[in-house]
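By letter and in written order, the chains are A, B, C, D, E and F; residue numbering begins at 1 in each of them.
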Amino acid sequence: MSLPLVVLLPFLGALAAPLFAQGGRTAIAIASSVPAIIALAALYPHWPTLADGGVVLHSYEWLPALGISFSFRLDGLSLLFALLILVIGLLIILYARYYLKAKENVGKFYSLLLCFMGSMLGIVLSSNLLLMLVFWELTSLTSFLLISFWNHKQDARRGARMALAVTGGGGLALMAGILILGNIVGSFELDDVLAAGDLIKSHSLYPVALTLVLLGAFTKSAQFPFHFWLPHAMQAPTPVSAYLHSATMVKAGIFLMARLYPALAGTEQWFYMVSFTGMATLLIGAYVAMFKHDLKGLLAHSTVSHLGLITLLFGMGTQLAAVAAVFHVINHATFKASLFMAAGIIDHETGTRDMRRINGLWRYMPHTATLAMVAAASMAGVPLLNGFLSKEMFFAESLQLNLPGFWAWVPPLVATLAGIFAVAYSARFIHDVFFNGKPVDLPIFPPHEPPRYMKIPVEILVFACIMVGVFPAISVGPLLYAAAAATLGGNVPEYHLTIAHGFNLPLVMSFAAFFGGLLMYSQRQRFFDFHARFKEIDEKAVFEAVISWLTTSANRLTSRIENGSLQRYATLLVISVLAVAIVPLTSLGVFIGENGLSPIDWPTLIGIVVLILCALATAVLHRERFYALVLLSVVGLLVSLGFARFSAPDLAMTQLSVEVVTIVLLMLALFYMPSWTPIESSTSQRVRDAVIALAAGTGMTLVTLAMLTGPFTSISEYFLENSKPGGGGTNVVNVILVDFRGFDTLGEITVLAIAALGIYAMLKNTVLTPPPGDGQGHAWNRDAYPLMLRQIARPMLPLALMVSAYIFLRGHNMPGGGFIAGLITAIALILQYIASGMIWTQHRVPFRYHNVIGLGLLFAVIAGAASYSFGYPFLTSTFEYIKWPVVGKFEVASALVFDLGVYLTVIGATLLALVSIGRLSPHSAIKSNKESA
Amino acid sequence: MSALTEYTITALLLIGGAFTLVGAIGLARLPDFYTRLHGPTKATTLGVGAIILASVVYFSFQGEGIGITEILITAFLFLTAPISANIMAKAAMHLGVDVMDGTRGSPWEQ
Amino acid sequence: MNHWLTAPILIPLLGGILQVFMGYAPISLRRTLAMTTTVLMLVSAIVLLVLADDGSYRAYAFGNWQPPFGIVLVLDRLAALMLVLTATLALFCHIYSIGGADEGNRQFHALFLFQLLGLNIAFLTGDLFNLFVAFEVLLIASYGLLMHGTGTARTVPGLHYVVLNLAGSSVFLISVGMIYSVTGTLNMADLALQVPKVSGENLLIVKAAGMMLLVVFGLKAAILPLCFWLPKAYANATAPVAALFAVMTKVGIYAILRVYTLIFGDQAGELAGLGMDWLFPLALITLAMGVIGALGSESLKTLVAWQVIISVGTLLAAMSLGSEAGTSAALFYLLNTTWVVGGLFLVADLISRQRGTARDRIVTAPRMHNRTFLSTLFLIGAVAAAGLPPLGGFFAKLLILQAATPGIQMAWLWSVVLGGGFFTLIAYSRAGSIVFWRTVDGHVQDPGKLSGTVSVSAGALVALSVVIVILAGPITRYADATAAQLHNSDAYIEILKTPMVGEEN
Amino acid sequence: MELAFALAIGALTASGVYLLLRARTFPVVIGLTLLSYGVNLFLFSSGRLATGGQPIIGSTSQYSDPLPQALVLTAIVIGFAMTAFVVVLALRNLADNEDDHVDGYQSEPKSRKKTEDAEVSGK
Amino acid sequence: MIGIALNITIGMVVLATLLNVYRLIKGPDAPDRVLALDTLYINAIALIILLGITLGTRLYLEAALLIAVMGFVGTVAMAKYLKRGSVIE
Amino acid sequence: MFDRLNFPQPWLSVTLFVVWQFLSNDISGASVVMGLILAWLIPQLTQGFWPERPTLSRPWRMPGYLLRVLVDIVVASITVARLILSGRTPKPVFVSYPLELEQPMAITILASTISLTPGTVSADVSDDQRILLIHTLDASNEQDVIDAIKQRYEKPLLEMFQ
């Protein structure tokens, strides 16, 4: 239980921290340190087990489907990192208490810091690779928020985004790598993966997995060529930099290499990829650090360089090198954290980090200066300090590489060269800041020593540097051993932790580096001049440029493809349909099925020819809109006749009624529109469209032909057989509509209702200016409501209602039904609107169309739901022949109620739609003098 | 079905067809809109009326009773044809559709 | 027959009808009734989820007509999952809308509920033509909802959306006609029986029809090259509507999943796996296009709209792996992405209200009010959408990546999904950093007030991503079971033998 | 008979598709209407063509397939609802953009159109 | 005999229809087209009636009735559009 | 409730009832009940739509008038058919016909009659309802047309409606 707790505690602290924000910085710092202290305490009991090379495992099942378990693992390596994270974390918490200003959002700061701490602990303690990945990406995310803590600064935002892009992106590669590893091993549990080293290395996907995992590690650890994000992340508040870039974030990549060392290392690929990357990073970081005028910039590049060093050590692949690497992790963390904090103090007290302005601080803050100088000396590898020890081991290992011929010289030379640079930039840090004359117009002058407690973290770390440097075996020996053992899977080589190993080649290299470095620093102006000849690459600008190029070209590409042209989208749709259908259809060819063609009577033939002509004419002559409308009417009429001709009286009637309403609707709209369609497409586009249209038409023709001539059996026999006995009606189509497939009809009238409601809502606040006259320039006729029409329309309404009733009632047995009846009623009312006007008619309609629609739907639902009460499913119809005295036999079918719902909905919806449009018309503007009645 | 009935039906059908055709010919041939208006309002209406009548006779002798639907259709046609003609003429006058040469009087200028 | 099956249909239908009558009732009453309806619908969906979890198929024959003759509803795990997904999303969208977005149109709640009606029918129906009707119900309601609100920006995108979908509906009908003309049936179970028997020229007709259906579903799902109607339409819709629309594309996905596992599934003989070889590359290109669109977005809502397309691509890519693992992963992803994208639309709207004339555009503007709260919501949403840990999106993506078996398909899937994830991350971080952090001096004139219900609903929706993580175990188990049920759909055909009421023995 | 019928459906589809691809709302609506005529006829004919086989029980000896008829009836109604909506949407577009271009241009977008066409033909 | 007469009549009506279509295409003015359409509707009634007689069924008569109603309303609406612009105002 | 149990337009109700019986094909108890319901319900719903119902003083003259019109229709059609088939160029004339009728419905009936009978179409009614514009297909004398109409149709109508 304690391991999950260790990870969880900081997150709980993060939730709690903001609550203490009101108590001031001290309160929140104390509150924030509690989780870390408890975590340390929780780790302490495990030490005996770990010292013996043991492992502590706490595992809980979580997502077996994913292979993720909630499992944590503590061994020497993870303990080492956990300690670094927690101890340095505690120091940072203390330091930040004094670093942050009271008016800053300390709650957020500590909360994020603890989140970050928890994520780091998660990485190092996870026993499941996927779980580790979760925490890995969480560090990217939380570090993003930490780096951008001062988000009003552009540099901070950019630095944060760059860090997120690089490390988050690397995390994705790592994700892939881990998934491959899991795939190879069959488990994501660390124990399994570490035990399967041979299997992994011999697997064909090993190079891929290795590359991906290393991409993750390299991006996180700021290895060349991904190193550029790290210096820019220095825009974070210094406690953040100190934490992220000494002990945590960047060490995550290192940790990963150490963690997976038994599983991945020891191959040539590993050697070349890791050591060369490390070497390049080592050199580049060291070189650039030399030329940075920004205090933190110098430290950041030195961090890059040291990370390169550690990576190079891991890359070497020897066990001793791995030990050295682990050792340097500890040492770098201590001196670099203290240096960052010192730099923060200087920044804090002088108001700048520019070393060209900061000079001679020794006079103003000797205490801080002493601490910083010791730490810097450790960074330079001065004997008696911890940095010296691991660097010696590094030099020694660089000599052990068995590279052929000339190449054997390269590692030691590179190591020495990097050492020279390290000494030079360390010297610069010491000399340029604390000596080198007087300060140059500092924003805060004169600088003072910081508050007492702000120095304590630095003191502790510097003390550690010295202790390790002088008494390595006592101070850090057991921990290093345990960590090394864990890294190497138990095969720890012989090594000796002493201040000096006597006079040997590594020591010579150290001396060379030391004096070479001092020499270089003394000649710094030449180097600066030399360096100044090269144009410095501003990675941030490059990154921003790349991002901006990405976004603008993405935007350009998007707006080119998604250009807002319906014509294009529609073309794509039609072409898609044609494309997918074309293969089957071309195989179909002109296919005439086994039923063959039946003879055609010539009236039908003529009808069809006229239909085709009018359809084509509509397309060809569509520019004259009214003409197109007339042609469309003809087509609609012929289609209805076709339905009648081919045995579908219900359809014929429906089509007819719908068509007229549609035409009226179109004319209502056309009133406001231009009466002509201008030519807008080029000839080529029109030809292209015509070709597409022809292809679509041809396809439909072929399919229809094949379909009509093929054999056919369907479920419809059932409907014919059961319509009368089961549905109580002889009009099978109607029985299907209100009974067999009544649910379709319910949906259909709902569609109608929704359309009307939508139309009503859409037009509610629409204002349209009607044209003063028609296309030919005639002013509109004054006579809005012609006398004769009015006189005939009025008595027609009751008659139409009766016909509706007739069509409605017979619908179950004869052609007709609620829908057609509804349309007849609607048309009769529309005629009133046309003949006598909106106001006149609206005044006489005794109900709101909304309510008619609602009532219709309600009837349909109630008719359907009535069957519930008999235990039958929804829409089960029942019919009864009731014999009333006098009246006689009378059929009562529940489906009739349903059909009544259809009837009402149709009326309500049709009229609501048309009236909504009609209402747009400003009948007061061109009022007729005949408007009377 | 008696021979008389058959003759009646045949005659009605042929008369109906003929009038319908004549109406259409008028529509196609007459020189201006106003003259063309006469074809459909009279000949066609009458022609279709005759055909409907044939239907009434036909079905009533099939033992299906007098078809009120047919009568409704006919009544409706005769009721509406003048209205249609009227409102179309009004539209034509409004649009100033050309009248044929030799027309006396003139449509109203609105 | 279990009457509960009709509950997710009748509840919104009756609720909608009630709203139609209530046009002139006080808005508070309308809201109360509408909310009650949505809550009841969620309850019914949960009941069905519990029912469906036993792994059997439940049929409900309307009118007590034996399938394939009448229309049946079929409840299985997938349907139940979709119902709950939709109802949950709808609930929060609805809560958000009563914060004021529902004003100006007395029919808003009716349209909203009818929209849910259409969705629920689509998920439950076992009849191909009824699926068409369901599509039409949900489409027409969506047209109405899309046009809800003031301003002119949504008219043209709305028009495009409507016209394309009308054309799509025509294609749907043609496909139905072709299939009926060969098989003589419309019931999906019956089709699953009939399609394997088809041969010769008829096979070609069914094949063409099947492919055309894929285009129709692809249009709804917004697969490339049929996705371009979506970004502008969604980005310009009223926030709760856009958020609800997060589920609209999923209907297309659902239909593909249903039809191409059941009718053109493994048992379909020569037509088995119809179109699936097209789907995988298209899915990846869709994903890529979505990412490009997201990168180039000029406003938050556009960004989220492109995220919808990214989701579609990802979902389809997983589905078209054709494995149970792939389907299961897709379902898990579906839950997360639908809710999160819905939530992001709402969050984008909240942000937009706080930024004066800058609205949700990704530009420098005066510092907004409630920045911490809104940026936290955005962060959660972005993390969940981009697939970063520790939220649902990450696990969904993991599942999807794991579902691929080594080979060229895996290489493609991984590259595009991971690469897409990377650029999505960049898009979100860029957008967030500009909108929240890159501020200029001055202050927004009269920022809208952030009301409780509105913020809570937006927050809750993105926070569902957290819930998904917490419940990841049960959810993956359910998704696995659903995928297994989908890929072994022989039992589905048994619904044809469901006894009707009154003939049990 | 079948061939003529098939050609009619083809002509309706072709005309409908051509108009669907136009740049103004009005022809697009007309196109959708024509297309739906074609589709309805097609769906109708999926039950095959019959003369005098109206599916009214007792009216004839050989009934045509009633199911497609019912489906088409539903499709007609739905199509009507959709058409009505799109017509009104076109009006709204006109009101909002003072133009009935499907992409809502404000008056003359000549240059824009040209580049678009060029781009399309350039493919 | 009725059969022959029926065929002749159908022939005449179809011919009439063709003439209507001719006028509809030719125009020259919008009212001419409306008039042709109106006549076409009336001829369609005749065709439906004739179909009914041919098939020996009265099931199509309501369709004919509907054509009459719809044709009238359509014509009125079109004519009103031509002279007033707004059909419903 | 019960005050609605009246027949606001008795003639209409009768017409509806009779037509319904015809529509129902066989007169049964059910069709009578239904007919009664409709004959009551429909006028209730529509009475507002027909506010200016004509007042017929001599309704019994209507059948005779209709018969005359029917005969004239046949004659008219033959005349027009002859003209059309002859290929002769017609001599059309627009006639302004001075109306004596005042009731709108009466005017409508007259105009309709004119449209259905020999070579004349009522093209328009003047705003003040005093003049009927008639297009005559083939006439030599304007006044003849006016006189014929006046004599044959307007007179009887005047008698019926005044």
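Heads up, the rule we're going with is that a contact is a pair of C-beta atoms (placed from the backbone, for glycine too) under 8 Å apart; a residue touches a chain by one contact, two chains touch by 3 or more.
All figures in this text were calculated on a predicted structure; none of them were measured in a lab.
Taken together, subunit A and subunit D share the touching chains C, E.
When the interfaces B-F and C-D are ranked by C-beta pairs in contact, the top one is B-F.
Compared with subunit A, the chain whose C-alpha mean position is the greatest distance off is F. Centre to centre, using the average C-alpha position, subunit A and subunit F are separated by 74 Å. Here the CA centre of subunit D is 41 Å from the CA centre of subunit F.
Centre-to-centre separation between subunit A and subunit E, using Cα means, comes to 61 Å. Contact of a single residue of subunit D with at least two other chains is seen at positions 20, 25, 28, 40, 42, 45-47, 51-52, 54, 56, 59, 67, 71, 74, 78-79, 81-83, 85, 89-90, 92, 102-103. The set of subunit A residues that touch two or more partner chains comprises 564, 566, 568, 570, 574, 629, 645, 649, 668, 670, 700, 703, 707, 712, 714-716, 719, 740-741, 744, 748, 751, 754-755, 758, 762, 774, 781, 783, 786, 788-789, 792, 803, 814-815, 917.
Listed for subunit F are residues 19, 23, 111-112, 122, each touching two or more other chains.
Remark: the chains found to touch one another pair up as A-B, A-C, A-D, A-E, A-F, B-E, B-F, C-D, D-E.
Note for the complex: subunit D touches subunit E at residues 51-52, 54, 56, 59-60. Within the complex, the subunit D residues that touch subunit C are 20, 25, 28, 32, 35-36, 39-40, 42-43, 45-47, 67-68, 71, 74-75, 78-79, 81-83, 85-86, 89-90, 92-93, 96-97, 102-104. Contact residues on subunit A toward subunit C in their complex (touch as defined above): 62-68, 108, 130, 133-138, 140-141, 144, 148, 151-152, 154, 157, 160-161, 164-165, 168-169, 172-173, 175-176, 179, 182-183, 205, 547, 550-559, 561-562, 564, 566, 568-570, 572-574, 576-577, 580-581, 584-585, 587-588, 591, 593, 700, 703, 706-707, 710, 712-716, 718-719, 722, 726, 739-744, 746-748, 750-751, 753-755, 757-758, 760-762, 764-765, 848, 850-851, 853-854, 857-858, 861, 865, 867-868, 871-877. Contacts from subunit A toward subunit B in the complex involve residues 774, 776, 778, 781-783, 786, 788-789, 792, 803. The touching residues of subunit A, counted against subunit D in their complex, run 560, 563-568, 570-571, 574, 592, 597-600, 604-605, 608-609, 611-612, 615-616, 618-619, 622, 625, 628-629, 632, 635-636, 639, 642-643, 645-651, 654-655, 658, 661-662, 665-666, 668-670, 672-674, 677-678, 680-682, 684-685, 688-690, 692-694, 696-705, 707-709, 712, 714-716, 719-720, 723-724, 730-733, 736-737, 740-741, 744-745, 748-749, 751-752, 754-756, 758-759, 762-763, 766-768, 813-815, 819, 906, 909, 913, 916-917, 920.
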